[in-house]
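The chains carry the letters A, B, C and D, assigned in the order they are written, with residues numbered from 1 in each.
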Amino acid sequence: MPGVPSACSADSGAEVGGEIAAEKEQSFEALESILRQHQRSPASLIEVLNLAQETYRYLSDDLLRHVARNLELPFSQVFGTASFYHLFCFKAPARHSCTVCTGTACSVIGADRLVEALEQELGIRLGRSKADGSIGLGSVRCLGTCGAAPLVVIDGLVAKQQTVASVLEAVRSLRL
Amino acid sequence: MTPPAPLCLRCCTSAGCLASGAAELREALQRTVSRLELADRVEIRGVGCLGPCSQGALLAVDPDGVIFAGVRAEDAAGLIAALVHRSVLEATDGQWRPLAWTPATGERLDTRRPFFAHQRRVVLENCGLIDPERIEAAIERGAYDQLRRAVQDLSPVQVVETIRCSGLRGRGGAGYPTGLKWATVAKMPGDHKVVVCNADEGDPGAFMDRSVLEGDPHRVLEGMAIAAFAVGASRGFLYIRAEYTLAISNLRRAIEQANRHRLLGQSLFDSGFDFSVELRVGAGAYVCGEETALIHSIEGKRGTPRPRPPYPAEQGVGGLPTLINNVETFANVVPILREGADWYAAIGTTSSKGTKVFSLTGHVRWGGLLEVPMGTSLSMIVEEMGGGAPEGFTIKAVQTGGPSGGCVPASELDTAVDYASLQALGTIMGSGGMVVMDHTTDMVGIAAFFMEFCRDESCGKCVPCRAGTVQLHGLLQKHLAGDATAEDLAQLEALCHMVKDTSLCGLGQSAPKPVLSTLRFFRDEYVARLKPVAAPSTGVAP
Amino acid sequence: MSVSTLMIDGHEVAMAAGATLLAAAREVGITIPTLCHLEGLSPVAACRLCLVEIEGSGKLEPACITPVLEGMVVRTDTSRLQDYRRTVIELLFTEGNHVCAVCVANGHCELQDRAVDVGMDHSRLPYRYPDRPVDLSHHLFGLDHNRCILCTRCVRVCDEVEGAHVWDVGWRGEHCRIISGLNQPWGEVDSCTNCGKCVQVCPTGALFHKGDTAEEKHDDSSQLVALVRARQARQVAP
Amino acid sequence: MNCNLASSTAGKLRLATVWLAGCSGCHMSFLDLDEWLIDLADRVDMVFSPVASDIKDYPQDVDLCLVEGGVANSDNLELILQVRERTRTLVSFGDCAITANVPGLRNRLEGAEPVLRRGYLELADGNGVVPHAPGIVPELLPRVLPLHEVVPVDLYLPGCPPSAARIRAFLEPLLRGELPAMEGAAMIRFG
């Protein structure tokens, strides 16, 4: 199954300053075709941001400025729109991602026990990444495969009917 | 002797079964068939959802029509061997024999079981039969014939009239009469109108739209095209949530194929009627299921709703008159045109016509996708078809309508599933998510779960929803911690009504519903936790 | 131009079609409380303070944006509306850090005035005490997010009147915050023309002139209304 | 809210004022009543007040108590529970009691420990130490709480401080056994 998008665990209130690793002047040419395809219309902003995150893994300041200039949109509108949506993130995601589905069906069958176990195991809160950038613990509301509840997605691969034991084993096997 | 009918192994490759290893199973079957050079006699076909997802991975064998559950890649060799052995026996004595085989760790499903027997597959008629990756498979089942008929033989008014007479109502949750909505957009002046398919399906625990889009994408595209012809629109958007990656890739391919076959695009069937569909992928925002928020998202903006009027029918995408309907609503259009409005109106109840697709999940033995006529009772769905709660557990309540719905207690399970009856119980039909809860479920906990969901998903524009959901969630946590007094309970109820009455859009207006519903049917669970008033609260404010 | 006649709290009033209920009420001397509304800016109906009851409709409608209709019967001051308005003000007070005593707008704040109107002598809801920043990077003005009620007047005036669109809303739900540029400090945003219109229209002590201290914010938006009317007149005149 | 203020023991109305997590500004404003205090003294018995009496323990059967300041530490908490028990009509006196106001600015630091660390260690000149003297220095509560989030409160008198005129307009009806009309900017404007 194509990789499941997991909300990279950037904090929702994260301050974005210039302190991201030195961003070499990128030309973001991978965005050129989609920008042309949509005739650089402001309405294509989210389509462009979706492709941008897929290609460059996260939305850096330079990338957002490049998109804003090409669509002739104010910086504040571009950032305001990007920060509205759960799946866009502004910091490099961790090397591994572990996303617990916290939808209704999964929660009713025990997703919160999985979250508690993972928070303890990784020593981070849900929605955060480990300081060393090895793994991010995220959540998603529902992937629509409730027959597989409770469900955890590790590095894009869906694991069904998870238990505390199976989840910890899967995370430990990543050898962070 | 005529050559035996070619065997077809229909392998469910929808997202649900893929999580159970369906892709590996399909490859193993293909490898075995090609190794034994049986490709001309045994077809391995990837199909959409076969129904009982909780029993995945699922495999159907034609022409036997039997379905196997819990099939794994390791079973592939055994299955092919059993098929070959049977055909050898049939070749010698010409006697038909049932297939003598069951998967190592799975089972053979008796398709006479209630889960299958009580279904009425109208929207899902092709789902699970055709290969969604090949447009030819859909065309063989009549795809785009109704569009051709509409464009060539009918007038837009006739199409709207047919939909109106069928009694079809919106499947997104509100149940607004579809014919009336189409007629409103059709009356709008101007020749640039837009048709939008709402595939945001943000309700957690709901996957009806995903299954239809993965299993039979052309059914929805054709429905959109017919609607566009009826209201005079030439441009279409299908807005789908980013989490449905398989549905997105199936749809992209389907749109490409339809364009190539000139079933979408310019001058369809050389009639001068143009209709192109653009796929728009969301990025994680439940509120974008609300019409005006969805429009803003299509326009590349923050998904915040706006006051109405003006309604989308008057001013929608880019200010143009816009028709917005749910995936399942569009999926009903083709059968209505093909079989006629009266045929459709004969299904369901007086006020809720046709069928409804549900995703049954939670503490139930047989969870999955099922389509039943409107008016079927909840107990039929949950206890008969779903097999009730697992061994040793009893059903306590069923949650319908997701975060904007409510709970139906076990005592009311004989309620018929239609818009009016569910509304009378203080919940809504919603998009079709149905989560079964057994007696281990804490109803105050469920109310807190849904309020936290609405708190996270509020767009933040209007005060009652942005700040109200935070306070309501705080009050619910205070109840869960056993810190709440009777005064807190009264404030919880009063604030629920305030947020419901004053919020700008459906999210805020419905956020209190799960609380009010659990208060109505499970008030004792709130009262049992209250603290006697004498003891002062020294707890920290939430 | 067609005219609609309607009843507001028992008073009969005739208004040009398309006029808002807010304007109609003002016509008969009835003031409906507002916060996010400001004449000269596009209405957003976000604070929900101006909701009124309309006979025959189960829903409450915002007066700032709902057009008058012939034969409407409107109630603007029922006990339910009074309680809901007080709850809106309490939600705003408890959502931010509105410490009036040490605020630059103390005594000149529209939120404070509305609190008096709705009779809030205390909040029935618990205070949240959020942790919010203060941006003093601009050489003339400051932005204190603790006092911000997200009415978005600043966003609208900067976009619709000045045209610089320095401001917008970032994030979502309770995490919403007014952002400048690419979520940069205000002083680094080079599209800002330093015109101060945002400070002028801010109803609370969120946006202020550097140098002002407690009780010294004296901004009123009449200048803006005059400016917008002048521009509209210019666009209409040949 | 019980407001039959006719003093239970036939004598004058038993009035008290208490001072929790506040700056005493409200009490100073109370003293700004100047000569009206003399008139007030005739009509009430000042049974407990940091500014008007030396009594150390809060008495029983108090008719009316003006409480300034929120609940910031264990002493405040202990005292307010006692006051509530022994008082008929409790008044949240001033913005600190009603909203925690300026003392409440520490509430954003989530808990007492970061406040003590910031105040006594990080800002100290190198050899600061967090005070720890049980029984002498009261423990800080995690947050400074408005009065009505701790005990039921009968009346609210906003202001920082409420002016002497507002205090007088508030007390006079109560002395006559009536409820003050708490409306309009003059009586309920914060700040």
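Everything that follows uses one rule, which is that contacts are C-beta pairs under 8 Å (C-beta built on N, C-alpha and C of every residue); 3 or more make two chains touch, one makes a residue touch a chain.
On a predicted model such as this, the values are computed, not experimentally measured, just so you know.
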Between A-B and A-C, more C-beta pairs in contact link A-B
Taking each chain's centre as the mean of its CA atoms, which one is most distant from chain D?
B
State, to the nearest whole Å, the distance from the C-alpha centre of chain A to the C-alpha centre of chain B.
25
CA centroid of chain A to CA centroid of chain D, Å
50
Using mean C-alpha positions as chain centres, tell me how far chain A is from chain C in Å, no decimals.
35
Go ahead and note the Å separation of the Cα centroids belonging to chain B and chain D.
58
Chain C: positions in contact with at least two other chains:
126-127, 169, 171-172, 175
Touching at least two other chains at once: which residues of chain D meet that condition?
143, 149
Can you list the chain B residues in contact with two or more other chains?
285, 302, 457, 459, 541
Touching residues (chain side chain C, partner chain A) in the complex:
159, 164-172, 175, 177, 179-184, 189, 191
In the complex, chain B residues that touch chain A:
15-16, 18-20, 23, 52-56, 201-207, 210, 242-246, 248-249, 280-286, 297-304, 318, 359, 361-363, 367-368, 399, 402, 433, 435, 437, 441, 446, 449-450, 453, 457, 459
Chain B-touching residues of chain C, taken from the complex the two chains share
44-49, 51, 59-60, 62, 65, 80, 83-84, 87-88, 91-92, 94-95, 124-128, 149-150, 169, 171-176
In the complex, the residues of chain D that touch chain C are 92, 95, 98-102, 104-105, 107-110, 143, 146, 148-149, 153, 156-158, 160, 182-185, 187-191
Per the touch rule, the chain A residues reaching chain C in their complex are 12-13, 15-16, 61, 64-65, 68, 74-80, 83-84
